[in-house]
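Only one structure is covered here, and it is reproduced in the block below.
Per-chain residue numbering starts at 1, and chain names A, B, C and D are given in the order in which the chains are listed.
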Amino acid sequence: MQRYILQRLVQGVILLAVVTSIVFFVGRMTGNPVDMMLPEDATEEDRQDMIVRLKLEGTVMDQFGVFIVDAVQGDLGTSIRYRQPATDIFFSRLPNTLLMIPPAMILAIVMAVPLGVISALRRGGIIDRISATIAVLGISTPNFWLGIVLIYLFSVTLGWLPSSRMGGPLNYIMPTITLGTFLVAGFMRLIRSSMLETLDSEFVKLARIKGVSETAVIWKHCLRNALIPVLSLWGVFMGGLVTGAIVTETVFAWPGIGRLTYEAVIFRDYPLLQAVIIMDAIFILFINLLVDILYAYVDPRIRFE
Amino acid sequence: MLRRSRVLGGLAASVLAAFSVAHAADQEGTLVVALETLGGQTMDPILEGRAPHAHYQAPIYDALIGFNLEEGGLGPGVTERWELAEDGQSWFFHLQKGLKWHNGDPLTAHDVKFSLERTMSEESIASRASALRRNVKSIEVVDDHTVRVYTKGVQVHFPAGLSRAVFQEGQLMPKNYIESVGVEKFRAEPVGSGPWKFVESVPGDYVEFEAVEGPHWRGTPNFKRLRILLVPEESTRVAMVRTGEAAIASISPESIREVEAANLKLVTVPGTMQAIYQFWGTYKEGHKDSPLADVRVREALSLAIDRQQIIDHVMYGQASWPMPFATFSYAVDTDIAKWQEWGRTALRYDPERAKALLAEAGYPDGFDMKFANTALPGTPYMTQIGIAVADFWQKIGVNVDIKHYEWGAFRLLYRGEQKSLAGAASMFRTAGRPVAVARYSGGFQSKGGHHLFGDTEECNDFCQAYDKLHQEVVTAQDAELRARKTDEMLTMVADSWMAVPIIEGMGYWAVNPEQVGKFDTIPGRHELGDVFERMPRPEQKPW
Amino acid sequence: MRRLPLISFAIIGTMIFVAVFAPWLTPHSPIDQSLPDKLLPPFWEEGGSTEYLLGTDIFGRDLLTRLFYGARVSLIVTGLALTVGGGVGLVLGILSGYVGGKLDAFLMRVVDAAFAFPTILFALLLAVTMGQGMDTLVIALSLFLWAGFARVIRGEVLAIKQRDFVALARVHGSSPARIMFVHIMPNVLNTFMVLLTLNVGVIIVAEASLSFLGAGVPPPTPSWGLMVAEGRGKITSAWWLSLIPGIAITLVVLSFNLFGDWLRDRLDPKLRQL
Amino acid sequence: MDSAPVLEVRNLHTHFFLRRGVVKAVDGVSFALRRGEVLGLVGESGCGKSLTALSILRLLPQAAARTIEGSVLLDGEDLLAKSPGEMRAVRGQRIAMILQDPQTSLNPVFSIGNQLHEALARRPDNTGRSLRERAVDVLRRVRLAAPEQRVGQYPHELSGGMKQRVVGAIAISCAPEVMIADEPTTALDVTIQLQYLDLLKELQSSLDMGILFITHDFGVVARMCDRVAVMYAGRIVETGPVREIFDNPVHPYTQALIASVPKLRRKTGRLRAIEGQPPALSDLPVGCRFADRCPHAEPRCLERYPEAVNVGENHSASCWLAA
């Protein structure tokens, strides 16, 4: 186990190096923060001056060298736009995003597990149809649009909820739904199909033969098996979550890292972009590692060499 | 109409205090404003290069030169009046007396010298810092209320850059405070001299201010607090104004219907920008014989555009008929009436004439043309204007190959050799500034950023003639001469049809009438950082 | 056995039909503007006209026409992205599963990387680098897709590789390439087909999100995702702008999902974990 | 052998009601199982053996399958009349079952101990031993090596034979009156098969259970069973003591089955396969269901189904030839 974790960590570092390099070079192909700092009719003289001011002189390879040397020492540079250390900015925004993700996850689990299980049990029944509809709506509704419709419905028309921004518990409701919907849809589909699979299995039959109650058969024997594919496809959901966070944070004026990342791209704030993507990647890799360890715990058949 | 001859430094500062009779006891409530961007959200003026400073720095910092609040353009600020020395090589700035920083220190000429020097310093990334460095020779404190700035050569438009009507470089910072507490502390707890004091800034979320208690020359706030929120999504901003969570939100013309349907107020700031299109590198080898190099074709393309339709339908009626390139009603050294008339006739919709001109130029069946569509920060609706313009061109038989560029990507295209833009048209804009010639420099001078007439290596007769004329305008000390030369410059560019105004845009604001009273904006300045202090509460001045 | 999803076929068929025959189905152009006719509501609403059955957009363009042409754009983008992304995923998945060892370890780490890297940001970066366009969009969406395909296909191949016919082919001296692409590939095509249909919805919605962030299909070209994104600010004053293309997306995604479920049940009842 | 039957199935009909028609998978099955007896239920796959077993336990696989007629008497109580809750009390405690494939019949994500506990916990034990001790004990009774270690292990760590012993342990954990063994050795290696059959025999005699032993293999029947019921296309066609059936099979299907078992062949030197396919259960003929494949078929075989007739002591057959 320890060896496995170590191995994964080493792989993670290599991966980070690759991702970082890609971001470094692709980022620099997309434009230049200098241009974003200057008025639209600035002269070449103004540009050169600003380049010096922002310490962006030298070839891309020179900059890369400086970046690597600093990065190895934990310094990911200073944000061009905010003039602060990029990692400081990341960590000041991170808690906001971390506050948004768990409610979405909980929503997804609270809705998807029972609906997925029930629709598998009553295949073709009313709940199956309703949850199939929810799933398709969840998959096919772009979440920015869902967020805006929610705002118009619950804030503007009904006046029940604050329209956006962080704040009290009520402020979390709409962002949670917006971010959680596609998770609900995805989880529900998976749980339903893997429940169907396990319900047909011999061990469920044996459990029933043993006289185990139907409740225990479903929620203990089936569900635990049905959750395995959900865990194994976790990475896919994580990717979706990052996308969802960018969109949700934009719609709900949520000062999190999704929005920060987006702005770093648009503003060509290279150091910030690099820092944010490196930190995002570390975060996701770490979560994936945790999930893999959890996976081994849930499924005893998995053992690490 | 708005014809006037401006004598710089002629106005008395007391005029400005007309509104300000409010007292501390009369300040209540919080004014909440939702914006699409807070820029760098830094409270250090030398670290913010772009327009958002006029929203979230303006409340606490005064600028050396102020606004003409009614008409737009320059007016008195911390400097009551300013004048060019006899020899034209230096400017005198005479400061208001009795101004104080929020910490109680008096605001003096030493602060002004300190601020200008700090803005020009190595650590400054203010957008025009390099221009200041190039233009300023030295700064001298004559007495506590007089500063003299020695310029390199004659700089007749030098003070304009020190007003927020134009740029940010005139913002004043407290010398003693910064020198005693250090820059880091200043950035965390900034002290200014404006009508609002800094309270807090939460990155990516909001900036909050508190009204100063005593009367302030810019106007004494009627609200106790001012909170400026960052809300990137426009639909959300509109919703917030509807629910009353925000009193004011920036919008684009697309939301105008939504705002009116919801019984909100629409406030427009006139003359904030011109949407234009321009032709790049037509002077270059390989493009000299292209259709766009023919002035008749370029004129035809302008005649093909029904500007009234764009104003009525793309801008929902909230835009004006344009004047010549970068020229607004508050422009200096300009015969406004003449050029308004010119706009009406020269920029008319005349597809028949357009087709005739095309035929005359040898393109009766049209031609292929590349058109780069883009929107500059703060004016997203430019993309839609671009789409509409392309459609009008298509209708007179031009085959327009329209491609969209995100602004940062477009920015790459026109630096250096402009290879991928040469021979193509693109959308562009000119911001609402009183001194047109500054914008002409970037557009048409051979050393300018766009150099549409020719570059430093390839400057034909026309290009050289323009460079010469431009130099005459910026060095003309005599007002009358300067006006005449400015007129010649406008004519030369207008007749070239190289950069053509489409419409004059506005700043658009959705306002909840129950949250804030009726207020006036400053023509040409989209941002409201210099307006907040004069906004009444709804009961003080209902809509 | 599930019944043949006739309604799904009908909807998918309609979409393909209108996409292919768009120019003959409508008198309007999807791009030419008629500014004075902007924002007309659908014909059944007050102020609507039968000339523009589903109303007009902000440039006075017929919404129905744009929906037809949008189907075309959405189909092309989806089709290409699935072909490229799915194809790469298929080939790499087979390679990874069959060859195994270091190649497998390497490819699976790359798949992890693809998941760890927020794909939408890469799409954004691409869009700002290359300029918005269908080509950029297809590349971005393909990058988004391939890893998922590769992972699932690899799993299938691992199972298939144990089966007798593969051993037999090996005994007969078939080359690895032949075994992979002649013997194994046909056996994963079922899974592949199902993945394709189930990803249609994912792509259409991803395209809409990219449009929202300003990196989708460039206007004035209509795509359903762009139409929803552009109409989002007018939900109360001109609901048809975003709701109608939204409904179209939902119907098509629903159809492809039902079709995919049916296909999955039909091709392999065991293949439920998708 | 003359004791009252512990389990008696009378005229059981379990059908699938599908969109394309009714599948009569169990179509009038009757038999009786006595305490301490092993009754073999023999037939080709698909003849309804397993479904008969599941009908007894009322664990029909899908909503579409229903028992529409008949009765299942356990010590005289009709199981079909019981409520779901009462029925659950019967399963595991009074009737246990061993499934065919040990590889899939244990839940992969729970430990052996955990799966045993579920069964053990249902019967109170007054010896004061912990569940774990009882689990170890029951594993010991199925002759599983190192039982203390096994309780903590997961199914994938055990071999097929070991798993089937665990399944056996689960089955006997509540000392049931009846055990249904559905082809318990089919999936095991031949050497292990014999050991397992011996184990079942031993458990049976020690617990005095009645075992309903479902198989398609007459070789296993000969080894295990006291009596045998031969099933074909949803019905029992012949039933009787094992020796009697082997010595004197009456029904041509029984004869064919016996003839197909290599070791038991007597008269002919050749192994005989049964030609043809059983009839579709959704479209059954009116007459004898084996008539199509029967070498002795007569016209009356096609017209009417033969009633069961006694052909010896406790030996009956449904065949016109016997009548």
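Everything that follows uses one rule, which is that a residue touches a chain if its C-beta (ideal position, glycine included) is under 8 Å from a C-beta of that chain, and two chains touch if they have at least 3 such contacts.
Because the structure is a prediction, the values reported are computed rather than measured.
Q: Using CA atom means as chain centres, which chain is nearest the centre of all the protein shown?
A: Measuring from the global C-alpha mean, the nearest chain centre belongs to A.
Q: Measuring centre to centre, with centres taken as mean CA positions, what chain is farthest from subunit A?
A: Max centre-to-centre separation from subunit A belongs to D.
Q: Once you count every C-beta pair in contact for both, which comes out on top, A-D or A-B?
A: Taking the two pairs in turn, the one with more contacts turns out to be A-B.
Q: Using mean CA coordinates as chain centres, what's the gap between subunit B and subunit D in Å?
A: Centre separation, subunit B to subunit D: 90 Å.
Q: How many angstrom between the C-alpha centroids of subunit D and subunit C?
A: 51
Q: Please work out the Cα centroid separation of subunit A and subunit B, and write it as a whole number of Å.
A: 39
Q: Mind pulling the subunit B residues that touch 2 or more other chains?
A: 235, 406, 408-409, in rising order.
Q: Going by the contact rule already set, what residues in subunit D reach two or more other chains?
A: none
Q: Among the residues of subunit A, which ones contact at least 2 other chains?
A: 30-31, 144, 148, 152, 156, 250, 266
Q: What chain pairs are in touch here?
A: Every touching chain pair, ordered by label, is A-B, A-C, A-D, B-C.
Q: Can you list the subunit C residues touching subunit B in their complex?
A: So the residues of subunit C in touch with subunit B come to 31-33, 35-36, 38-39, 58-60, 127-129, 131-133, 214-215, 218-220, 232-238.
Q: Which stretch or stretches of subunit D touch subunit A in the complex?
A: 57, 59, 84, 88-93, 96-97, 99-101, 104-111, 118-119, 122, 154, 156, 167, 170
Q: Along subunit B, where are the residues that touch subunit A in the complex?
A: For subunit B paired with subunit A, touching residues are 34, 39-42, 44, 47, 49-50, 122-125, 127-131, 133-134, 167, 202-205, 229-233, 235-236, 239-240, 242-243, 245, 376-377, 406, 408-409, 411-412, 415, 428-429, 431, 439, 441-443, 447-450.
Q: Okay, in this complex, where on subunit A does subunit C touch?
A: Residues of subunit A touching subunit C: 11, 14-15, 18-19, 23, 26-27, 29-31, 135-137, 139-145, 148-149, 152, 156, 190, 193-194, 196-197, 229, 235-236, 238-239, 242-243, 246-247, 250, 261-262, 265-266, 277, 280-281, 284-285, 288.
Q: Which residues of subunit A touch subunit B in their complex?
A: Touching subunit B: residues 30-32, 35-47, 49-50, 53-54, 81-83, 89, 92-93, 144, 148, 151-152, 155-156, 159, 162-166, 250-253, 255-256, 259-260, 266-268 of subunit A.
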